[in-house]
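Note that the chains take the letters A, B, C and D in the order they are written out, and that residue 1 is the start of every chain.
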């Protein structure tokens, strides 16, 4: 299972969490990664933790003040990027453009979406993975795998119909190892989570709990 | 074949064009319709021409100043609506929401997109139809069916893979009956066009030319 | 005082409310107007009520599918338009462009904004009027003139500093004649309101109450 | 004079340019600074050059995936930020929010705008400075101070009317020391430039030319 910790713009120490990710990653079969803000990418990547961007724009090198260029995200040490997170919803044409930009910069891509229909749409654009995150469950502590297992299974089915080589992740409310196991049993290959680790008093312990049952 | 005439915000007489659409529609096996601006929907629908909206927002009745409500578009006499035209690109989540809003108001839906990957994505959201319109060909007078037939065939294939009951239209540069025939031969069930009719000195003659070879 | 009734996308009968506006307008010194959705402009204007748009885009005639053209809003019978309502926030450059578009089409302009600083900014663009509407009070039934009189007075002062010929209106929570009087005493020349009339069982009675103390 | 070098998403070496900025800054009375992409802020700040962000979002710490937090821009070493560059136009309410966010993080603010009316609007929001950049001149090599001196003088006047403690900069087409001098003679306190330095074969020489006549 892939466990991607999104630090959003939380008031956490991104380096300390990255070190916890790097540390726990060495002691588990799961694959752990961390997605800091763009301004923190370099210092996070320097910890050795697998580092992801939270967003890239559908642009190339050029006159794009204030944008996030895939090449610069990669150059700062990231190996992948989220696209279209529910807190950064994008136009369909721009999701397509952002995937092309990320491909060009050799960044792995996870496109987020709200529901199975949108997951099918995202999968049709051929990112490496899609992630179903019902916005109403984000940050609740109630895992999507328990609150709405159908939405996860339907998302897996929708992605498979459209493009069978696109992985499916799920997110929203994930905070325990049982949630991760349940996500796997519903057919996903990983989870997105945020506050469960980023706001934990002891991120290392939180991560150990998450991967313990795997 | 379905021929949908988009009046955009052209300085044309929407009623005169609607009357031409209504008139020619009675003398052909093709299905003709016209999509005026929201403020012109009523007077266009009163001509008896099949009337479409150019856009609906992903909203319900409520506090949405300055938005386009599907129910109001239907109530003004429209039977369908474009969504995500290249001049009004929308977020993926909002295309999904706009299709649901249109379904609720019994409006037929055509979701536009730039290329085969985005057509597959649009089809996964299950509108009634999708329309491939390469933005670089819009308004050129060079029909997509001639300039880039592969993009049309690939769009038809992409839609079919994802959802085989979603029709495919094409647009951009369509202005003659031969263009419409060519579009049909590439597997589409209709065309979107705009300036070819809306800017014609004689819209009735332009429409007759379009449907003559059908 | 100017009383502008915004119908948003409420499930009301726009013609019935327009008739009430027209009717009450004849029996008061206040100036009453109604702002329906774009698709309802024509039928509302036909009642003889002063009719306003809820929004115009910063565009000219041309290739702008799904946009709201100032000329078409005027052509459908409107004499003015809201711009930048808190439910349709616009880019600074587009507010400027929308005012120019409205000027071109002889539409009167009211630019909405959240707070005194933004009111000053809006006034610098030289619309006919600005309207301060704290978003947190919209639809509450608690009038801004009572909940936060300072914000109204500060908005009047901010507009005056920047451009002394720009009128100031206020909105949010206005529902009684006392609210309108209070708004006038704070230095405004009118009010925006919505649910107080649009959701009233008897819009004529609601309007009569609003203008009774004037 | 303040000379702010915007690196946009150009394919330049941000550290090499920052070193040139730092180097030339020590040998001139002008104040030089450099604005790299967010992902490059740390490595640029480490050179000792005065470092600026290209954009901040109107947010606080919290659930804002893919956004640019003022605190993180400051934490990475920046002392100021551009807001509303013509390549990243923002809603009026969000420009206001971004200035508040930057103030909170002790970042100096320069709000860009297209024309004198928008400059007045931006000044009403009380940033530290505003910058007038006619979009049609950006990247042309024809300096705004020569192509359209009136727009610069009108912008200075507009800002002064609204808020006399807001500095005015100008940009677009600036590439020589004469352009910088001309900008000062028109009443501005600095210039924004980009390609003239970022695409120069020898950034140090380009910067020396810029400040030589000062």
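The rule is short, and it goes like this: contacts are C-beta pairs under 8 Å (C-beta built on N, C-alpha and C of every residue); 3 or more make two chains touch, one makes a residue touch a chain.
Only a predicted model underlies this, so the values are computations on that prediction, with no experimental measurement involved.
Chemist: Taking CA centroids for every chain, report which one is farthest away from chain D.
Modeler: B
Chemist: How many angstrom between the C-alpha centroids of chain D and chain C?
Modeler: Roughly 36 Å separates the two chain centres.
Chemist: Rounded to a whole Å, what is the gap between the Cα centroids of chain B and chain D?
Modeler: Between these chains, centre-to-centre, one finds 43 Å.
Chemist: On a C-alpha centroid basis, what's the spacing between chain A and chain D, in Å?
Modeler: Comparing mean C-alpha positions, chain D is 33 Å from chain A.
Chemist: Quick one: which residues in chain D touch 2 or more of the other chains?
Modeler: 86
Chemist: Graph shape for the chains shown, where an edge means the two chains touch. Line, ring, star, complete, or other?
Modeler: Its topology is that of a ring.
Chemist: Judged by the touch rule stated earlier, which pairs of chains are there in contact?
Modeler: The set of touching chain pairs is A-B, A-D, B-C, C-D.
Chemist: What part of chain B is in contact with chain A in the complex they form?
Modeler: Per the touch definition, chain B meets chain A at residues 84, 86, 89-96, 113-115, 117-118, 120-126, 158, 161-162.
Chemist: Using the touch definition up top, name the residues of chain D that touch chain A in the complex.
Modeler: Against chain A, chain D makes touches at 6, 8-11, 37-43, 54-55, 59-69, 72-73, 75-76, 82, 85-88, 138-139, 194-195.
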